[in-house]
Structure formats: C-alpha cells, structure tokens
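You will see two complexes here that share chain A, one where it goes with chain B and one where it goes with chain C.
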Partner chain A sequence: MTIAPADRAAWYPAAPSSAVTEGHATPTVLLGEGVALFRTDGVAAATGADRRALAVTERYDHVWVCPGTPDRALFAIPEAAMPGRRAVPCGSIHVRCSPLRAVENFLDIAHFPFIHTGILGEEPHTEVNRYDVRIDDDLDEVWARNITFHQPQASVSAEGALDVRYEYRVPAPTTAILYKTCPARPAEWDVIAIFVQPVSEETCIAHPWMTMFDDATPHADMVAFQQTIFLQDRSILENQIPARLPLDPGMEVPTQADLTSIAYRRWLKRRGHAHGAQLVAA
Partner chain B sequence: MRWTAVMLAADLPPGAAAGTTVDGTDLAVWRSASGAVHAWTDRCPHRGMRLSHGFVRGETLACIYHGWRYGTDGACRHIPAHPSLTPPKTIAATDHACREAGGLIWVGGTGEPPVIEHPHPVRSLEVAAPPEAVARAFGAAEGVRVLDLDGRAATLALQPVASAATRIHALCARPDDRLALSRALDARRARAEGDAA
Partner chain C sequence: MTPVLHDWVLDAGCYRVRLLASLLGADLDLRSVDVHPGDALRSEAFLLLNPAGTLPVMEVDGSVLTDGPACLTWLAATHDAGWLGDPSPGGRAALQHWLGVSHELAATLGAARPMDMLGASGDPRPLRLAGRGHLRRLDAALARGRWDGRAFLLGDRPTIADVACFPDVALAGDCGMSLDPYPSIRLWMRAVRGLPGFVPMPGIHPLHEASPFPEDARGSGADAARGTAA
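The block that comes next holds the complex of A and B.
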C-alpha cells in the first residue's frame, strides 16, 4: 500500500509511555506498517519495518512517532504544564473503524442524548445551538467555539445536571482536544483529548488522555468514566458505512449541528490527508 | 423480480428492527407499532450508521446515532438536534419492497410472494456455504421448496446472503415435528458446510 506524503509527515501516537520500557522492544503498527518502540536510558526511540530510525517525541504520557519527515513540531497543549493540574492517561481502546471516523465522533455532540444517555445527554434536551467553527490558517488547526449543551452527568465529579460549555480543537489529523467547563474552577477548562493511533485505514487504537483540576477523584474512577463513554462510542464506530470517512460532500447529509465535522473533512482534504478517508464518492 | 424470504415473521415482533443481507446488500428490516413491516438499505443518510441498530417509535424508525426519525415511506421526519426544523424531502432512507405473507417476511420482489402451505415456524439458520451447496445438501431448490425431511413435511425458503453464506427459513405442517426437524436441519447444515469446505 502506498501512503500519501502528507500522511507520512504527520505525528501519530504509537503507545502510552508506560507501555515502552527499558530492555525490550514494544511492537506496534502505524499506517499499516510495523514499528518497534524502545526506551534507552529513559529516552524513547522507534524503528520502522526496514529498521530505519523514525522521528520520535514523548509528550502527554504518550510516545509519538512520525513515519516520514515531520513537517512541523508536535502540537502544544499549554494546559498540560499548568500547576495544579493532574494528567490522566485513560488506557487504550481498539476500535475496528477508520481513525478519522473516531476523531469525527469525538467532535460530535448531537449523539450525546442517544449514545451517552443519562451521562453526557438526555432527551428531550437534544437541540444543538449554533456555534462558531473555523479553520485557523496560522495554526493550521480546526477550532469550534461557543458550544453549550445540557448534560445530566458531565464528569465523575459533577453534581447533578449542568449546562456545559465546550470548545473543540483538532491540532493533527488523528488528534482532537475538548475543552470543557470545569465544575471545580469555572475560570478554567477541563481538557480531554483523544489521541488516535491509525493502525490501518479501518482499524485504530484510541488513547484518551485528560488534564484537569481534580485531586479528589481516584484515578481508577476517572479511567472507568472515560472507558464507559468510549465503549458506547465503539458500538457506533464499528457500524458506520462506508468504513472510511467520506471527504467529498454528497455521500452523507450534514446539518448545522455538523459544522465541526464539515470543517474537519475540508481541512483533511486540504492537507492532503488520505489514510482512512474515502476520496471518491461511492 | 423474485421475492426473497429474509426472516420468520414470528421473529420480528412489533417495535423490533433487525439487520439482514441479501446477495451482499445489507438491509434493515423493522416492524412498526401497528404491525407493518419495512425493509430499507441498512445505512442512515446522515452519517452512515446502520439503521438496523435503530429503535422503533410508533410508526417511525429512529437511527441510534443522532436519533433522526424516518416515517414508513423512508422520509426523514425529525432531526433532534434541530427540533423546530422540517427536514427537506430529499433526506430519506432507501426503501425496498417488503411484505409479510405465509409466516415469512419477504423483500425485493414484485407481485405476490409465493404461497406457503405450512403454517408453523421451525427456525432460521445460517449455513456457511453457497446457495448451490445448500440446495444440494437439503434437496431444496433456490427460492422456496416443499420437501420431506426424514419423513416430516417442511417448507424451506433459501436466502442467498453472500458468496459463502446462505440462510434457511423453515416451516412445517405439524407443530409436533419442530424439534425433530430442527435436528434434521442441523445434520444437513453440517453436510452442506462439509461439501463447501
């Protein structure tokens, strides 16, 4: 299989940091190609199928690999360095779907009342108000802002239903970050990201990761909450047709609630990202 | 166009939706609260979710992903994210001909579905073999065939699923024959799958 140049130049999560240990290789797959991950004197490294050394960076509790020559540094999540925050890697979930479908689902709020019933949404509170979306040309990122939604149980620590504010950011083709009202500190955001590892065009591993102000909730409870949400999403993601994300309009019918998804598809197309995408209308 | 039996009518109660496949085409088959049956292409026009995973509300089928509701003609009636919007007529699930007759649900034909003489449903079973191999092992023809299985009268309707998968829907003349017929079907399934292997 040939991989488009733009796909090779991007950064992808290849494993949680905790899975890459001294003294032995951790095998994994990226864009259909075998990759071996190592750790020597604390520093992570990777080789491709032909034993060629690959560009590696380790951040946000994950090892990131670029299969070609990186055309930029790994995106920054400035909140990660903020004192008082707690970083929470939430495990890895294998999903038989396009990595792009997994990201798009993460950007979608209209499904909350139906898929995350009683947690992130609930009928009759199904309306999605108008919000702002743009492709930021300087950053080369997709941003959605001014989203509000009624949530029965917005997080483990939320007490009762809340009107929650959201912002979304797509800084790399298979990464999306959600900024969400922080119940403990109204001036700050909870940051929840999904780092999607593209295994093949129709399989991926989702590595959810968060950074939030919450010293009280046990780590296991936070992971359990995110796992519940992602397993609910998996039942959708493995049953969408076609499996690959259609980038050209015509095959699917978006509405105003889907503006983030429209921008995400347009941005992927503009970048020349092809892995996991369906480029010809079927 | 010939009708293909896709399930026993008794296996689809009011309010149920189920997925099936005919010659590689995935279909969502559902029964509304009033009892009418419908077969649609198994794909929601919004974001491609399988409609067979959806839920029935009255005379509509709702997609599980974002709750878009489709009326019995396939047209989208309601988009929960925009409750005050009247969906444009162009948003519609793809409707296929569907009938209930003789204890079976039929899709894709014209005119009347075949007459079924045996009133008692036995079961449906999937065989991992092409329709020709199944027809050989069961002594049945493509489509519908009345036959004698170990001395018991049965009707078998064959559903071509994919190149190496066939579903059989069986009915019988006497309710007391159901258990014995079910065993006879299992034995022949093993033979058909052995032949195909």
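The block that comes next holds the complex of A and C.
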C-alpha cells in the first residue's frame, strides 16, 4: 500500500511511555507498517520495517513517531506544564474503525445524551447550541469554541448537573483535544485528549489522556471514568458505515451540530491526509 | 456491613456483581482497581487480598470472595433467595450447571476480550472458536426453554444463572463475535435488559426500546383525562 506524503510527514502516537522500557524492543504498527520502539539511557527511539531510524519525540506520557520527514514539531499542549495539574494516561484501547472515525466521534457532542446517558448528557437536554468553528490558518489546526452543553456528571469531581463549556482543538490528523470547564476551578480548563494510533486504515489504538486540577479523586476512579466513556463509544465506532471517513461532501447530509466534523474533514482534505479516509464517494 | 466490591468498570465479572446488586436493590461499596493501564492486579497490595490476582473480589463479613458466582450466591442468599432458583434437587443441579457454563464463557469469550480490546497477550482465535460452541449450546437451550414458556435459563423468572452468563455473552461483540446467528440469545438478552433495576456497562447498552414512546405517554395522559371525566 502506498502512503500519501502528507500522511508520512505527520506525528502519531506509537505507545504509552510506560510500555517502552530499557533492554528490549516493543513492536507496534503504524500506517500498516511494523515499527520497533526502544529505550536507551532513558531516551526513546524507533525503527521502521527496514530498520531505518524514525523521528521520535516523547511527550504527554506517550512516544510519538513520524514515519517520514516531519514537516513541523509535535504540537504543544501548554496546559500540561502548569503546576498543580495531574496527568492521567487512561490506557490503550484497540478499535476496529478508521483512526479518523475515532477522532471525529471525539469531536461530536450530539451523541452524548444517547450514548453517554446520565454522564455527559441526558434527554431531553439534547440541543447543541450554535457554536464557532474555524480552521486556524496560522496554526494549521481546527478549533471549535463557545460550546455549552448540559451534563449530569461532567467529571468524577462534578457535584450534580452542570452547564459545561467546551472547546475542541485538532492539532494533528489523529489527535483531538477537548477543553472543558474544570468543576474544581471554574476559571481553568480540564484538558482531555485522544491520541489515536493509526494501525491500518480501518483499525486503530486510542490512547486517551488527560491533565486536570483534581487533588481529591483516586487515580483509579479517574481512569475508570474515562474508560467508561470511551468504551461506550467503541461498539458504536465499530459499526459505522462506511468504515473509512468520507471526505467527499456528496456522501452525507450534515446538520448544524456537525460543524466541527465538517471542518475536520475539510482540513484533512486540504492537508492531503488520505490514510483512513474515503476520498471519492462510493 | 455493606459488601466491598473491588471493581473495574470494564471487567465482565465485576459487572455481574454490580448488576445483581442493582437488581436486588443491594448496596455495594465500590473500590476502583486500576487494572489497565496500571496493572494493579499484580501489585503486592492486591495479591495480598487475592493471591490469584483476579477480579471480582468481594469483602463481606470478614471473608474475601474471589469467585464471581460465589459473590452472586452470597448476594442472593442474603437478599432474595428466589434468585437461587428452585431448591429441588433438579433446580439446584440446573443452577450449578449454568454457573459452570458461566465459568466456561469467561474462560473463552471473556478471555478473548482483553486481547482484542486492550492488546493483552495471547491468541484470541481459538478462544473465539470455543466460545462459539458455548453460544450455540446456550442458544439451543434457551430455544427449548422458550418453547416450554420459559424466558430465562431456569424458568420463567431470572436467577443468578442468567446474571452469571449474561455479561460475557452480551459483550461478545467486543471480541469480534456477532450475536446475529443466535435469535434465542438475543431474546433472552432483551429479557435481562428489561428487568427492573437493570444497569448497563460500557459495551452493553440500556434498553431504549423499553422507554415509553411519546405517543404512549400522550395516550396514557388522554386515558387519565377520560378517567377524570368519567
């Protein structure tokens, strides 16, 4: 299979840092190609199928690999360095879906009351208010702002239902970051990201990760909360048709609530990202 | 004393216990265990609690139960022994049969699931194949029961046999097994999901179909209005 140049130039998560240890190789797959991950004197490294050394960077508790020549540095999450926050890697979930479908699902709000019932949404509070979406040309990222949604249990630490503010950001083709009201510190954002490892065009590994202000909640409860949400999505993701994300606007009829998804698809098309996408309507 | 359940939200065995407690209206004190990615089942603290390093673990009245059906038996015996089925020799034997099957389901479909879902080491293919045999036999047994008017494994009321077998069957999709070929299993799952007090888990969705349709709500309102008029 040939891989588009733009796909090769992007950064992808290849493993949680904790899975890459000294003294032995950790095998994994990226864009259908075998990759071996190593750690020597604390520094992570990777080789491709032909033993070629690949560009590697390690941040946000994960090892990131670029299978070709990176056209930019790995995106920054400045909040990660703020004192007082806790970083919580939430595991690695294998999903039989396009990596782009996993990102798109993460960007969708309208499904909350139906799939994450009683947690991120509940009937009859199903309306997604008008919000702002744009492709930021300077950053080359997708941003959605001014989203408000009624959530019965916005996070482990939320006491009762809240009208939660949201912002979404797509800084790389298979990464999405969500900023939402922090119940403990309403002036700050809780940051929840999904780092999606593209294994093949129709399979991926999602590595949810978050950094929040929360001194009270046990670590295992924070992990369980995020795993609950993501595993509620998994069976839905595995049944979406077509399996690859359609980038041709002829395929589907979007609604107002799908603005972020539409911007994401346009942005992928503009970047020339093809892996996991359906480029021409079937 | 409220039983303490050492719990992982994605574990089918823990879900059995949470589900039965909810069906019985029994309280549980849940303690999350960071099984993935934290690997807490191999921690010294957990191994002191259960040397087998497995979930579920239920602490109750000074003893530690480390077997799913044992936890279910304890909860049913302390809250509503009707969930243990008919106490005749035949009823007791049938209950033991299905609790045994629930262990087989956990050892096949249940064991394949973390391999497919979390990349746990092992080959899920032989486990899926063995699991398929269990699904076929379960579907046949449920079909025979249905011809005799029984919706559940041991009769016309649910027992811990249903609660023990339900999770690994309902989660078969997580390890790539379709339940489409098993109509009796799907009817049985619908019956279990329709029980008062049913709770879902990630991968097992609540029964939206059981919610009243808006037309029905209007209809009952109209009926009430007619009742008032009469």
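Following the convention adopted for this analysis, the second predicted complex is superposed on the first by the 282 of 282 C-alpha atoms of A that agree within 3 Å, B and C clash if a C-alpha of one lies under 4 Å from a C-alpha of the other, contacts with A are read in each partner's own complex, and residues count from 1 in each chain.
The rule we apply is simple: contacts are C-beta pairs under 8 Å (C-beta built on N, C-alpha and C of every residue); 3 or more make two chains touch, one makes a residue touch a chain.
Nothing here was measured: the structure is a model prediction, and the numbers come from that model.
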Partner chain in contact with A:127 - chain B first, chain C second, else both or neither: first
Chain B versus chain C as contact partner of A:163, first or second or both or neither: neither
Touching partner for A:256 - first (chain B), second (chain C), both, neither: first
Partner chain(s) touched by A:136 [first = chain B, second = chain C, both, neither]: neither
Partner chain(s) touched by A:93 [first = chain B, second = chain C, both, neither]: second
Overlap of chain C and chain B interfaces on chain A (superposed complexes): 114-115, 235
Chain B partner contacts - residues on chain A that touch it in the complex: 108, 110-111, 113-115, 123, 126-128, 235-236, 239-242, 246, 251-258, 261
Chain C - residues contacting chain A, complex: 8-10, 32-34, 36-38, 40, 116-119, 173-174, 176, 202-203, 205-206, 208
Partner chain A, residues of chain B touching it in the complex: 26, 42-43, 45-50, 53, 64-67, 79-83, 85, 91
List of chain A residues in touch with chain C within their complex: 16, 18, 89-94, 96, 114-115, 117, 205, 218-221, 223-224, 227-232, 234-235, 238
